[in-house]
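First chain A sits with chain B, and in the next complex the same chain sits with chain C.
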Partner chain A sequence: MKNRIIKIATLALATAALGGAYAENPKVIRFGYPGTGTGGRPYVGGSFVAYARAAGLLEQEFKNDGIKVDWTFFKLAGPAINEAFANKLLDISLLGDQAAIAGKAGGLNTKIILATGVRGVTYVVVPSDSPIQSLQDLKGKRVALFRGTAIQLAANRILEANGLSEKDIRSVNMDGLAAQAALASKDIDALFTIGSGALQQQDQGIGRIIYSGKQDDRVTGYASGLVVDGDFEKNNPQIVQRIVNVLVKAAQWSTDDKNREALLQSWAKSGTSYSAFKRDLEGQDLQAILSPVIDDYFRATWKKAVFDVKRFKFIRNDVNVDEWIEPKYARNALHSLNLENNWVRYAADGKPLQVTAVQEP
Partner chain B sequence: MLSRNAYFRLAAMLTLAAISARSESKPDTASAIAARTDTTAAAEEQKASVADVQGVQTDLENYKFQVQRDRDLKTAQSTRSLLVTGVVQGRGGWTEARAAGAYHKHTAGEVATALVGFSGNLYRDYRDARNLTYALRFVAAPSGGSAPVNLLDATVGYSLLRSLALEDQRLDVSFGQQQLPFGLEAQTTDEFKPVITNAQFVGALGLGPRQIGLIVRGDFLPRVDYGYNYRAPIIQYVLGVVNGNGQNATDDNDAKDVIGRLVLTIPSDYNSWLRQFAVGATYYRGWANLSALKPGATPAAAATPAVVSLGDKIRTGVDVYYNHHPFGLNYEWVLGEDQFNPATATVSNYTTGVRKSNGQVLTLFYNFGEQFLRGYRAQGRYDDWWPKSLQPFLRIDRWDPDIRAENNELDVYTAGVNFFFAETSKLQFNYNRRVDNAKGAKLDDAQGQIQFGF
Partner chain C sequence: MSKPALSARGPAARGFAARPFATQRLAARRFAGRALSAMILPAALLLLWQIASTRGWTPRQILPPPKIVWASFLDLASSGELLTHIKASLLRVAISFLIGSGAGLVLGLGMGLSRRVEDLFGVAFHAVNQVPTLGWLPVMIVVVGLNDTLSYILIAQAVFVSVAINTQRGLRQTPERLVEVARVFRLTRAQLLRKVILPSAAPQIFTGLRFGLANGWVSLVVVELLISSEGLGYLMSWGRQAFQLDLVLVAILVVGVIGLAMDAGLARLEGLFSRWQTEKRFA
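On to the complex of A and B.
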């Protein structure tokens, strides 16, 4: 009898131990994205993840498994994505640096598994007929910035580099759509924004760009990554790997210069014009800014972001970036797709490394 | 919508584009055309022609005409900014008790409440958001048998401090007829109230009706978690002076009632298990007219009541609020102290007594769904999506009308569920067991309600 009990107990333990490995596939992958298209439409541009969504690449990948990909576009961007992660409503998401860091510092069980962007450009836009000409003129003005997102960190870096701080302006917390409307109605004196939206506002005649991060080497551009819920990653490592494989392929297509026009046309369906995307990317190397590779520069960018976010007192706890980033999925994808040398790798100081052999990400 | 300046800019751009297109539309020679590369030809094809530009101009003019005409003829307008809102509650119920004056009547259907409100800014402060606001709400409660429509709220409010950022402390003042800021149960709006009916003490202690007066609300030490843009002030306070005679009535004495409330929220980040854990205390000090019978002018005439003094009306409350999605817990304890004259008191011979009463209510609920997650609700969608949510709850409500008397408590145990199926609408089902300890009677009833708003 005693032996029988031990056998049953052993079998039960073995079953439990193997449970994770043989866990059933999820019926749905809940994919998040910070932001929406113009007017709140569920269509976005500006990243290879946006292209993957537009082309339905993940849906195709999991179609035969009966796994649905459920995309959620969050109007309130990164903070709302953190809320969704905290309440177990999301499995995986693209996320900007500050929101991801603040969520992690607050105890969210997440991992960064793929680079989705570095060297992001921030703009400062003022109403088209505003007398404001420079950042110095922003002192005491009502300036919109989307708190809790990468914009807030970028804004603080830019202000600091120009001898200012957030205390010198009257900062107003507004999401992207609200800020654009406020700029048109002149409810605000200026806004910090990222990506092509600033150029669109200029095209529409409602805004004038007084600062572009493209010309400012003093300020580190914002970064974004693919963030996965820790439990989802633990229970579905093969699913996560397939997601990363698909997205790396999307990155390859998106950063291939011969697809540039098609990529921009795809993004333009978000409501931001083709022209705005095109000019936003002018002078930028797609291979560099949309690289999915987790290289030294990507790590250094996130470490600096953690340092700055804490320095600006947006978080109280520290975040260990080396433990947070899980590079194995990106490494496996690059290896299995034979794309290890498709993107230039950069050293921590941002300078390209010489490619002499296959490098581990 | 584009601003006026933007229209002018767009028109100017279109004009320039038309001039450009005209200048480039000179007839080319056949040889020159043949010499063009495919790339150049493709680029030429993408250029706007005069016809294209004229088409856009026509569309723009049509759009401007339509907007202006709709504004003139089909748009509601007001002098100041205006938000129109409303709530309607349709209710049906069954009770074990047989209704008096009717033949075996146990059921009823009614429109419990119909409310319409108007609110907006009287002055909008673009610089610091120290806005001057107004709110006007009317309510009809057809089942109550009262006047068809009554004024519910009529307030003017002002933000005394800059309120642009999450870190800013708040200090708002409002004047007019408004909800008394007492505890949790009395202040909770219908949108967030899990149970169809209020706890017993709200009505019994007169905390439900609006009061006319001045209320100041503020907070200190706001704690902000930027990871979620979550703001939780550690200290919230309310101070107020009101008539004390209820809504839609002039003051009936010179004594003004005062109220003070303090709420302490445990400082925590959003992801902490201590999120939204708060303890509050409220003190309301009022005075009510006390009457006694005045003899008639003649021995045969009936005595009439006359105000002979002012009696104390004190309400003390303590509450605990823990709303940590997906579950929540609210507990509230209230003590009422009322001086009164016996019904038989006369102006020449009366003794004022004091009645102490006590109410307690505990509500537990659990949310299945995302109705109360602000960030998740705000999604980019093509359709009219809203997260469907289910909220089962339990409430224990005890009312002791006189704490000196033994075994006279009235207990109401309620189990129910709320189904949120659209942005401003919900279905509610409550099953109540009412226990009258004084009579030793138990009575069951059930209510269903659909609440929709706009």
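On to the complex of A and C.
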């Protein structure tokens, strides 16, 4: 009996020691995504991660290792993703700036390992027959915004740039799909939203867009990133590198203008129409807004987001962006896939960096 | 249940000063003992909470340790933010309580005094009663819309039901012998109502008000979770959205303490009231 216990203990110790050095591959990669498709369907649009999901690229990559990719689409978006990270129910997720920052400020052990989007566009939509014409008309009105997500930060920035604040409107917390339904039934007077849903509502004659971030240079667009659980990253660096490699390849395909049609078709699996995506991206440089590169502009956007989120009192502790971002996976992927010059790099002010044609020998 | 207990305590309390010193001390010790035993469970919970957070049974982001929640409480209290939320919630409940209890008294009096009114409203009222206040929420959102009116209606309804039922019950439970005595004295209907029925129903009506307030307070939190942009319920929902679960816990504790204080206050009033009733009746 005693012998057996010792045997088991030795075995356990040996496994633990081995586990430290060569962690066994996980059986499953638990991948999160903020929001769901229409009616809760498990497809989304708007990013190269959404394309990778629709095309099953990660599943293909890990099939031979017997590793499953388990996608969870969070109706309650970033705030729910933070809870899932805290409860160790999630390994990796795309996440918008405000929620990611709230999680980090709350002490979550996460790392940002890849850029998934910058210069995000926010719209303000009102019912199509509403008398509301401008942001100024929103004063005292019931306006849906999704608290705790990138939409809230975007809304506060937009209101501020127009001499208003969240206190001037009667804000109602609603997730994306609930807000669209509430606008259709006119339970709300307006809604702040990101992405193509706004254009879909305009197409359907339900909504009218009174503000689009595309035309507004005063307001910094929201950012998103690929966020990984710190322990998962530490224990599975090779797996994380392979995930990033797959996603960088997906980004290359997605930002190649000749694939634009196919990209939008893959996003339309979410239930939002192809034409809504098309108009959402009209006049947008896919290379710039969907670049996976962690450049100075990406860092600056996140630093500004931390600064603003703190200023609007959505967090209480500070977050050090430079320590939070772990750029090595993205760097390795760009190097090994020979894509280092595939995307223009942008300076902190958002202007393209002058490419030095010839490096010093 | 409270009535006989209180009427028994009434004369005893008046004799308190005349009692010998030893008895007073005994009473004081008994009171301290009761207060102490009332604290056992909360203290045990606090201990469990502390252990759970130090041992890491739950992630500290999900269940922040008591120390952090206390710090957030002080922070919110000193910035005045907490007071703003408390005021908003109290005002919302006060207005709804006035509306709900007013309507509840009217219907309760009507049904308690007139069979015809009861025949008219009774079945519908009891049918409506079978659905909990929050069960009405989806329907009311469609009818009224998501706004403050909705919150007043839902809270007022929670108060209304309790007040109406207890008022009716109180009126119906007038002891037959008192009514007989009144008949012997040939009181008019108005006199009968004013001198016999209402005083005898008063304690039960008061109980209705007390439970009504408690129900209203519970509904408040749920309603504010959904539609408000200020108040204690809002603080809870915001805390969750902002991944600051300490705010949620602060709000829960404040809601609990205020609810307890309001109920204790009304219970005290109820005690005074019914003692006054008893004394007057037997004077």
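Keep in mind that, in the parts below, the second predicted complex is superposed on the first by the 337 of 361 C-alpha atoms of A that agree within 3 Å, B and C clash if a C-alpha of one lies under 4 Å from a C-alpha of the other, contacts with A are read in each partner's own complex, and residues count from 1 in each chain.
The rule is short, and it goes like this: a contact is a pair of C-beta atoms (placed from the backbone, for glycine too) under 8 Å apart; a residue touches a chain by one contact, two chains touch by 3 or more.
Small disclaimer: the values here were computed from a predicted structure and weren't measured.
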**Asked** chain B versus chain C on the shared chain A, clash or fit?
**Response** clash
**Message:** By the touch definition at the top of the document, which applies to A:F74: first (chain B), second (chain C), both, or neither?
**Reply:** first
**Request:** Answer with first, second, both or neither: which of chain B and chain C does A:A102 touch in the superposed model?
**Result:** both
**chain C versus chain B, contacts on chain A by residue** = B
**Request:** Using the superposition on chain A described above, determine whether A:G120 touches chain B (first), chain C (second), both, or neither.
**Result:** neither
**Which superposed partner A:S128 touches (first chain B, second chain C, both, neither)** = first
**Prompt:** Given the touch rule stated above, what does A:G225 touch, chain B (first), chain C (second), both, or neither?
**Reply:** neither
**Item:** Which of chain B and chain C A:A84 touches, first, second, both or neither
**Value:** first
**Prompt:** Just chain B (first), just chain C (second), both, or neither: which does A:T36 touch?
**Reply:** first
**Item:** Among 22-30, 58-66, 112-120 or 184-192 on chain C, the segment whose C-alpha atoms clash with chain B after superposition
**Value:** 58-66
**Prompt:** Both chain B and chain C touch chain A; at which residues?
**Reply:** 79, 82-83, 86-87, 99, 102-103, 105-108, 142, 147-148, 170-173, 185, 187, 314-316
**Request:** Could you pull out which chain B residues touch chain A in their complex?
**Result:** 1-3, 5-6, 8-10, 13, 126-129, 162, 164-166, 225-230, 269-272, 325-326, 370, 373-376, 378-382
**Item:** Footprint of chain C on chain A - complex, ascending
**Value:** 79, 82-83, 86-88, 99, 102-103, 105-108, 142, 147-148, 170-173, 182, 185, 187-188, 314-316
**Request:** Using the touch rule from the top, collect the residues of chain C that touch chain A in their complex.
**Result:** 59-62, 141-142, 145-147, 227, 229, 237-238, 240-244
**Request:** Could you please specify the touching residues of chain A with respect to chain B in the complex?
**Result:** 35-37, 40-43, 72-76, 79-84, 86-87, 89, 98-99, 102-103, 105-108, 128-129, 142, 147-148, 152, 170-173, 184-185, 187, 204-206, 314-316
